[in-house]
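For clarity, chains are labelled A, B, C and D in written order, and residue numbers in each chain start from 1.
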Amino acid sequence: MMDSDFDGDTLHEECGVFGIFGHPDAAAVTALGLHALQHRGQEAVGIVSYDGAKFHAEKGLGLVGDNFSDAAVIARLPGAAAIGHVRYATTGETALRNVQPLFAELHGGGFAVAHNGNLTNALTLRRQLVQEGAICQSTSDTEVILHLVARSRRGRFIDRFIDALQRLEGAYSFVGLTNKKLIGARDPLGIRPLVLGQLDGRYILASETCALDIIGARFVRDIENGEVVVISEEGIESIKPFPDQPMRPCIFEYIYFARPDSIVHGRNVYEVRKRMGEQLAREAPASADVVVPVPDSGVPAAIGYAQACNIPYELGIIRNHYVGRTFIQPTQSVREIGVRMKHSANRGVVAGRRIVLVDDSIVRGTTSVKIVQMMRDAGATEVHFRIASPPIAHPDYYGIDTPERDKLLAATHSLEEMRAYIGADSLAFLSVDGIYRAVGYEGRDTARPQFTDHCFTGDYPTPLTDISGEAPRQLSMLAEAG
Amino acid sequence: MMDSDFDGDTLHEECGVFGIFGHPDAAAVTALGLHALQHRGQEAVGIVSYDGAKFHAEKGLGLVGDNFSDAAVIARLPGAAAIGHVRYATTGETALRNVQPLFAELHGGGFAVAHNGNLTNALTLRRQLVQEGAICQSTSDTEVILHLVARSRRGRFIDRFIDALQRLEGAYSFVGLTNKKLIGARDPLGIRPLVLGQLDGRYILASETCALDIIGARFVRDIENGEVVVISEEGIESIKPFPDQPMRPCIFEYIYFARPDSIVHGRNVYEVRKRMGEQLAREAPASADVVVPVPDSGVPAAIGYAQACNIPYELGIIRNHYVGRTFIQPTQSVREIGVRMKHSANRGVVAGRRIVLVDDSIVRGTTSVKIVQMMRDAGATEVHFRIASPPIAHPDYYGIDTPERDKLLAATHSLEEMRAYIGADSLAFLSVDGIYRAVGYEGRDTARPQFTDHCFTGDYPTPLTDISGEAPRQLSMLAEAG
Amino acid sequence: MMDSDFDGDTLHEECGVFGIFGHPDAAAVTALGLHALQHRGQEAVGIVSYDGAKFHAEKGLGLVGDNFSDAAVIARLPGAAAIGHVRYATTGETALRNVQPLFAELHGGGFAVAHNGNLTNALTLRRQLVQEGAICQSTSDTEVILHLVARSRRGRFIDRFIDALQRLEGAYSFVGLTNKKLIGARDPLGIRPLVLGQLDGRYILASETCALDIIGARFVRDIENGEVVVISEEGIESIKPFPDQPMRPCIFEYIYFARPDSIVHGRNVYEVRKRMGEQLAREAPASADVVVPVPDSGVPAAIGYAQACNIPYELGIIRNHYVGRTFIQPTQSVREIGVRMKHSANRGVVAGRRIVLVDDSIVRGTTSVKIVQMMRDAGATEVHFRIASPPIAHPDYYGIDTPERDKLLAATHSLEEMRAYIGADSLAFLSVDGIYRAVGYEGRDTARPQFTDHCFTGDYPTPLTDISGEAPRQLSMLAEAG
Amino acid sequence: MMDSDFDGDTLHEECGVFGIFGHPDAAAVTALGLHALQHRGQEAVGIVSYDGAKFHAEKGLGLVGDNFSDAAVIARLPGAAAIGHVRYATTGETALRNVQPLFAELHGGGFAVAHNGNLTNALTLRRQLVQEGAICQSTSDTEVILHLVARSRRGRFIDRFIDALQRLEGAYSFVGLTNKKLIGARDPLGIRPLVLGQLDGRYILASETCALDIIGARFVRDIENGEVVVISEEGIESIKPFPDQPMRPCIFEYIYFARPDSIVHGRNVYEVRKRMGEQLAREAPASADVVVPVPDSGVPAAIGYAQACNIPYELGIIRNHYVGRTFIQPTQSVREIGVRMKHSANRGVVAGRRIVLVDDSIVRGTTSVKIVQMMRDAGATEVHFRIASPPIAHPDYYGIDTPERDKLLAATHSLEEMRAYIGADSLAFLSVDGIYRAVGYEGRDTARPQFTDHCFTGDYPTPLTDISGEAPRQLSMLAEAG
C-alpha cells in the first residue's frame, strides 16, 4: 500500500522501542536510535532516563526530531541509562498520559517501561485490577504490566516482573528501566522484533538493527522468543521463564514494517522484499512495457519484479515528500485531488505504455483504485496490478492497526471482484507459500508455521481473550485533551 | 504583604474549588465560578464534567481565562454536572498530571475530585499505599483520597468515600463528582472554607461566595466542619461522619486570602479588614500627615486606619498592573529595579510628609525593606509601618505556602530588630486579641480558640504526621516536564 | 470610565514613546521605560537600537513584558542608542508592519521614528506621495514622516526632518533615531506630552515622568511645544522651527491618560485628579452614606470627593485583575455576566446605603448603566453618579481613540436624559471651568484656552484636513494578517 | 547532490510562482499549485488575492501545507484572482516582510508581484531609488520592480510595468496581479521557466507543469523569453517589448530543480535525467556489480546508467524521510552522525560488492566524502562515483543559491584531486556536450548556446552589474526579527 494514508487505507505499526545502559549520553543516543525507528510510529515519542538518584521523563506528540533535537530537552534527561519509545496509537487515545515509556514508583523503586506489541487480554486484566482497587491513569494496554508488577507478592524485582509477564497474552517486546537495570523481554512466540546491540561495550536494546547502525553500534543477536534479558553493571543475564517453543515472528515485518536496511532474523529486509517481487514475477508474470513501483512501499518488490522478468523499471509515479495535511478542495472545476497531493503520474513514462504496477499489499483498496485511475489518466494503455504479498483477509491483534474485518477488501471480495473494483486489467497476489519462499523456506510448514501470518491465513497463534468480550477498545470513561 | 512576589516574600493560597449539579451549561458556569476564585490560585486550572455516559476533562497551566474562554474548549466538556479547581502549587510539581480535578475509574464508575487544603499525613499514607501495590501517577497529595476510595472494602460509593476521609489528617475542602452525585466535604475543623449556593434550584459548591455572585447564584449556607453533602437528582443529603466538635477555620482567609467582597462565616471580608485597620489605629496610632496603603493587600486596613485616626488616606504608591515577568536589569547606572516594576512612589503625595504605611502582614520582610526605602527616596520625612495582623512566626501546613520557619522575619527577629531591618521609624503589629476583636469577639478564647491562628501562635490544631518524617515534600522520584 | 472595555465604552490613548542616547544597555533601559508607559498602549510594542554600524529592530503584539523580558531578545538589540514605542491602534490595522518604531533607509543613512499623537492630514499627504510614486508599506499615519524626510531636497538630515514636520498637521510627539542622533519633536501646540530626563549624564526622552522614575533617571524639563531637540555625542541642541505660540496641551492627560504618579507640566496627576473630585464635591454635593469609586479610574477623584464632603470613602466595587477575555456565557439562568467578569459589588459596603459613585468620565454610557444596576442589585438605596470631568460631546482627532460622535452619550442626550438612561438617582458632571480650577487656574481663558479641551467644547485647535475628505480611516487596500 | 543539506553542500532554487485569473476558488487553487511547486522553495510561502474591491494577503514561514491547509486562512483570501509564491531565500533575510508576493498601492490601484529569478542590478537600482527619496521596506531584490513601476511616468499600468522591466538585468519570471489583470513576464533570455495553463477556460501561470497537473489543468504553452502576457476578463494578450533573441533557459532545471514529472520546454524531466545517466554510462562506464543511486536526486540518472550498462540497479542507500533538524551529538563513542540522520547504508546490498554510485552533481563535495565513506563502512569493495552533469566551477547569479566560488569543489580541484578528496576509486562527470546530447542536441552550440550553463562554463549570459560593486548581498541596514 502507499505509505500515505488516504481513507485509512494503510497499515500502521504501533511502536518502536530503544534502551541503552551505561552510556554517558544515554538520552542523546536514545533520541538518535528512536529517530532511526521513526517509521514504526510517528504520533508520539518519549524518553525516560535515570541518573543514579532520580528518573527523568520527556514526552511529546509528533516526531522525534520535533521533540528531542533541542539541547535543553536532552539536558533535562541526565543519566547513563535511558529507554525510549515511538508510537502510532493502536490502543488508547493520543493523550500525553498515554505516551510511553510509562512510569511508576513501586515499593522498592521506580520502574519505566516501553512496549511494542499488543496484549490480547489487557482489558480483562484491567477489569480485574480495578475491582481490586487499582487506579489506571492511562488508557494504554501497557499500564497493566505496571500494576501486575506492583501487586506481585514475589521478592526481587525481576521475579515480580516475570510474575507479571506470565499473566500476559499477546505480543510484546518490552524495554524496562529500574534504578539498577535495563530489562528486555519478548513474548513466548517472539511476534514483535527486539535486538541486542553493543556500543563500546555498552548494551543496547532496539526494535530493529537500523537503530544500531545510526549510532555505529554492533549487532549482537536477536532477543529470543520468551527471553528476558537483564542488563546491569554486572553485565547481561538471560532468563527463560517460559516453556520452550519455536519462534513465530510476524511476517509483516518483512513485507511492510521493518526498514529496508534492517536485518530481521538474519535476513536483509530489502533483499527479502526484492525476492518477493522476483517470486511474484515467477508466479504472475505480465506482458508489459515498464514496471512501475507504487512509491515508496512497492519499490524493492518492483525492482525484483523488473529484474526477474527483464522489463525496464521506471518511476511512473512521483512522490511529493512535502505534505501530510489535507488542503481545502476547490468547489469547482478541480477534480478530486486525493492521491495527487502526495503522488503524481509521470506522464512521460506512462503514456502509451502497458505498465505493471507493483505494490506490497492491499488493505481497503481505496487508494489502489485511485492509483490505477491516475495511471489511466496519464495514458497507460494497460495496467497490470501485482501485489507482493497474499490477500489480507483477517485483522491483526498484535500491534498492527488494521481496519475491522469487513473493511478489508480481500475479506469480502473474490480475486476477480477485487480486480474489477480496482479497475486493473489484471490483478495478482503473491501466494502464501511464495512469501515463505522469498524468506528462504520451501514453503509454509502447515504443522508448525515458521511465522505468524494470521492476516493472510486467519491462524492466530495466541488466545484472543479480549476480543470475545464487549467494548473491545474502550479502556477509559475519561475523555481528556492535552 | 504586596500581592506581587519579590524574593518569595508573599503567601500563596493553593486552591479554589467549584462544583455544580444539574445545569445544562455546567462547564461554562464552572469556568465563571473559577474565574471569580482566581485569586486563590493562578498556576493551573482544570474542569471535569460528566455527560451521563462519560467524564470529560480539560486542564491547563495558567489562568482560567487563558484556558477556558474558548468556546471549543467548553464544548469538549458536555454534561449537566461539573467540578473545577484553580491551583497554586504547594505540593507536587507544576506538571499537567498534577492539575486537578484528579480522576480515577473505580470499580463501579468514575470519580473526579478537587481539593483545597493540605493533608498532613499524605506522605505516610502514600508510602503505605505503594507498599500495598498502588501506583501513584501524580505527585499531588490529593491522589491518596482516590486510592483510599478505590481500596475501601465498603459497599456504597459514599461509604467508601467516608471510609477514606476518616484516614486523612489536615485541612481539606473537597468537591467530588461521580456518575450520579456531586459531593462536598470539609475537614473536621473546617480549616478551609466551602459554601453551598443555589442557582434556579441547582446546587453549587464553591470556596467563596464571590463565585456565587458572579453567576447570580444565591448563598445558601456554609458547609459545616466535618460535614459531607451529597447532591443528586434526589436533592441534597447531609452526613456527619465525624464526632461533633467546634469549628476552627483559618483566620488567614480574613487577613489575606478571601476576596474582599466574599462573605466568610457570615462576615464581609472587606469590613473585617477595615476593622483590623481600625483596631490597629487604636492599638498603635501614629503622628503623621497621610495614611498610605501598600497596594492592593493593605487597602482595606489602610482605609480603616485612616478613618479611625482621622488622617487623610492617600495613594502614595501606584501599582502597575501590567506585568509579572522579570525584565533584564541594565548592568550600569540603573539602580536595582526590584519593586519598581510593579509599584512606584507617588512623589506628589509622599514628598515632605510623615506617612503611615499600612500593610496586611509581613512574611520575609524583604519587600517591606524596599517599600520603606522607596518612600524615603520619594521624600517621606517619617515612615511609620503598621501591620494589620500579628507577627507570622510559624509556617502553615494546611494549604498556605509559607517559607520555612527560619525565613519568617518574625521567627528570628524581635520587634525592634524587625523595625531596624525594615528601616521604618516605627513598626507595630495588630495583637492576636486585636484580630479576634476585628472579627467580632472579645478576644481569643485560649481554651477553645475560635479560629486556627497557628501562624501567629504556633498552636497547630491537628497532628502533623508527615512533618516529623524525612524528605517532607518529595512525593516522586520522577521529574517530568509537560 | 472603567479601565476595562465593555461595548467599546472606554477611551484609548494610542501611544507612548521612549528614547535614550549613549547608554551601554540602551535597549534594556528602553524596555523598562516602555513598561512604565504600558498604560498608554497595550496592543503592540517595538524597540529599535543602533550599534554604531547597523540598526536592529524587535517588535511584537501584546505587552512589553511579553515581548522584551527575554534576555535573548534584548541581546538582539545591541548598541548605545535606542528608541521604543507602545501602541494602542488608532489608525492602521494591528499588523506587525504597523508596529512602531518605523524604519527607513534614507539616502545618507537609516532613520527610525516613533510617534505619539495623530496627524490630521496624513491621508491627504499620503495621496500626494503615492501620486508622486512613493510606496507606502504600512497603514500607519506615521509613515508619511519617513517619506517626507526621504523626499526633502534640503541637505542636512535635521533640515530635512524639519522640512517634513512643517508639512504636518495635528498632534505629534516624535522620538527619532539616526546613526548619529536621538531626536525629539513636539507639535506646535504641544498637544501630546514629551519630557526630557537624564541618567548619569545620558539624555532620555519619554512620554511621561513615570518612565524616568522606574530607571531612577532625573526629570530635566518638558520638551516645549513646537520644539525639536537633537541629542548627540556633542550634547543637546534645541531648535524652534515654528512661529512662537502658547502651548495648548490636551487636558485629557490629567483626566484619564497619564499615570497618577507622573508630573505633567509641573503638576502631579494624582493631585490634579483628587482636586477634580474636590471641585466636583463643591459643584455637585450629594447627601449620601458612602463615596464609592469606580475602580481604578475613579479612585483619586473619589478620594478627593470624599475628603471634600466628609463622607466615608469605601470600596463598594471590587476589581478582579485576572482577566481580559470574554468567557462563554451560559445560555440558561445566568444573568448577563457583563461587568461582573472584571468588577463585583461589595455587598457589605453597599447594601442599605445611599452611595455616591465617582468616575472620571462617561463615553458611551453603556458601562455606567451596568455599574449603577450592579449597585442597586447589591442593595444600594440611592445611587448618585458624579463624573469628575465635563460631558464628552465631541470626538478626538489627536491620538485618543473615541467613538464616532453619535455614539457619545453626551452628544445626543441632555443631562436629564443621561441620568434616566444610566438609571442613577442623580447625575452631575464637573464644569469646564471646574476642571481648569482643579488644574490651578481661575477658569478657562476663552480667548486663549490654556489647554485643548475639544472633546468637551468642540474647539479643535488645528485644521482637520482629512476629516472633510472621504474614507477617513482607510489607509490601505491591502488586508493582511500576520 | 543529496537533497538534504549537510554543510551547505547543496543547491537551492529560490522560488516557484503561480497565478490564476477568474476562478471562484482562486486562493485554494493557488495553494494547491504552490504545493506542487514546493520543491522550488520551502522557507516561506505567500498568497495575495483580489476580490474586486480589496487585495488580501497571507504569508508565513515554512511549507504551503503548514500555512494554507486551514480553511480559515483560505477564507481570508476571497476573490477570483490570486498569485502565490514559494521561496528559498537567496537575497534578503527570512523575515516575514521579505516573503512574496510583495504588494504596493500605486497611484491608480494596488499591485502584487511574485518573482522567480534574481536581478543582477538590483542593488544598483536600489541605490538610485533611495537617492531619489524612495523608501525600501523589504530587503528583497524584487521590491525594486514595485518602485520602478510606481515612479514610471508612462500612462497605462502595463506600460509602466514594461518601462520597469526594461531597466532590469538578470533572470526573472514574474507573476503580477492588479485590480484588473493577471500578468506574467519572463526575462529576455527566458532563464527561469514559466508556463501557461488552462482550467475550464481560466488561465493559469506557473513555474512548472506539475502545478497544472495537480489541479487537472491543461498545459497550453511555455511563456516565451522576453514575453509579457496580460490576462483579463477580455482574455489573454501577448506583448514582446524586447528585441527578438534566441531563448537561453537555465540547464539546471533539467539537472536538479524541476520536478521529474514536469515537462520543461517540451521535454519530460525524468526522461532527460535518465538520458543523462545513459550518456554518462557511455562516457564513463564502470566495471561493477551494482548501480546505487544517491537518493533522491540521483535516482533517474542511476536508472538510466544501470539500463545502459546492464548492471543491476539496487537501493544501497536508504533515505529516512522523517527529519531535517540536527540532533544533539553524543560526546562519546558515537562516530559523527552526519549524513546518517537522513541516509543509511543498506549493508545487504553493498557488502562485498563493487558499486557505481550515481549522483546528479557535486557542489562542495563534503557530503560526497561521507557517502563514499558510508559505502566503504558498509563493506563496498570498490566505489565508482559517477556524476550526471559537468563539474560546477562557477557560482550562479540567476536565482540558484550556490556557495562562493572558492567553496565549489570543482573550482579549486582537478578531477584527480576531487577523486582523492572524495575517496572514490574512480570519479567521472558527464561532459558539457554530453548534457546537451541528453537533452536532444548534437552538442553545445558554442556560437549560440541553447542553454545558459554558466555554472559549468563560466559563460554568463547577462551583465552582472552588482557583482563588480561592493557589499554584494547587503540590502539593508536593519536587522529585524519576526
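General observations
Heads up, the rule we're going with is that contacts are C-beta pairs under 8 Å (C-beta built on N, C-alpha and C of every residue); 3 or more make two chains touch, one makes a residue touch a chain.
These figures come from a predicted structure and were not determined experimentally.
Shared contact partners of subunit A and subunit C comprise B, D.
When you average the Cα atoms of each chain and compare centres, the chain farthest from subunit C turns out to be A.
Rounded to whole angstrom units, the spacing between the C-alpha centres of subunit C and subunit D is 50. Subunit A and subunit D have centres, each the mean of its CA atoms, that are 37 Å apart. Note: centroid distance subunit B to subunit D, computed from Cα atoms, is 62 Å. Applying the touch criterion to all chain pairs gives A-B, A-D, B-C, C-D. Per the touch definition, subunit A reaches subunit D in the complex via residues 23-25, 28-29, 31-32, 35-36, 38-39, 42, 63-66, 68-69, 71, 74, 199-200, 202, 210, 213-216, 259-261, 263, 268-271, 299-300, 303, 307, 312-315, 318, 320-335, 337, 340-341, 344-349. Subunit B contributes residues 54-60, 76, 96-97, 103-107, 109-110, 130-131, 133-137, 146-147, 150-152, 476-482 to its touches with subunit A in the complex.
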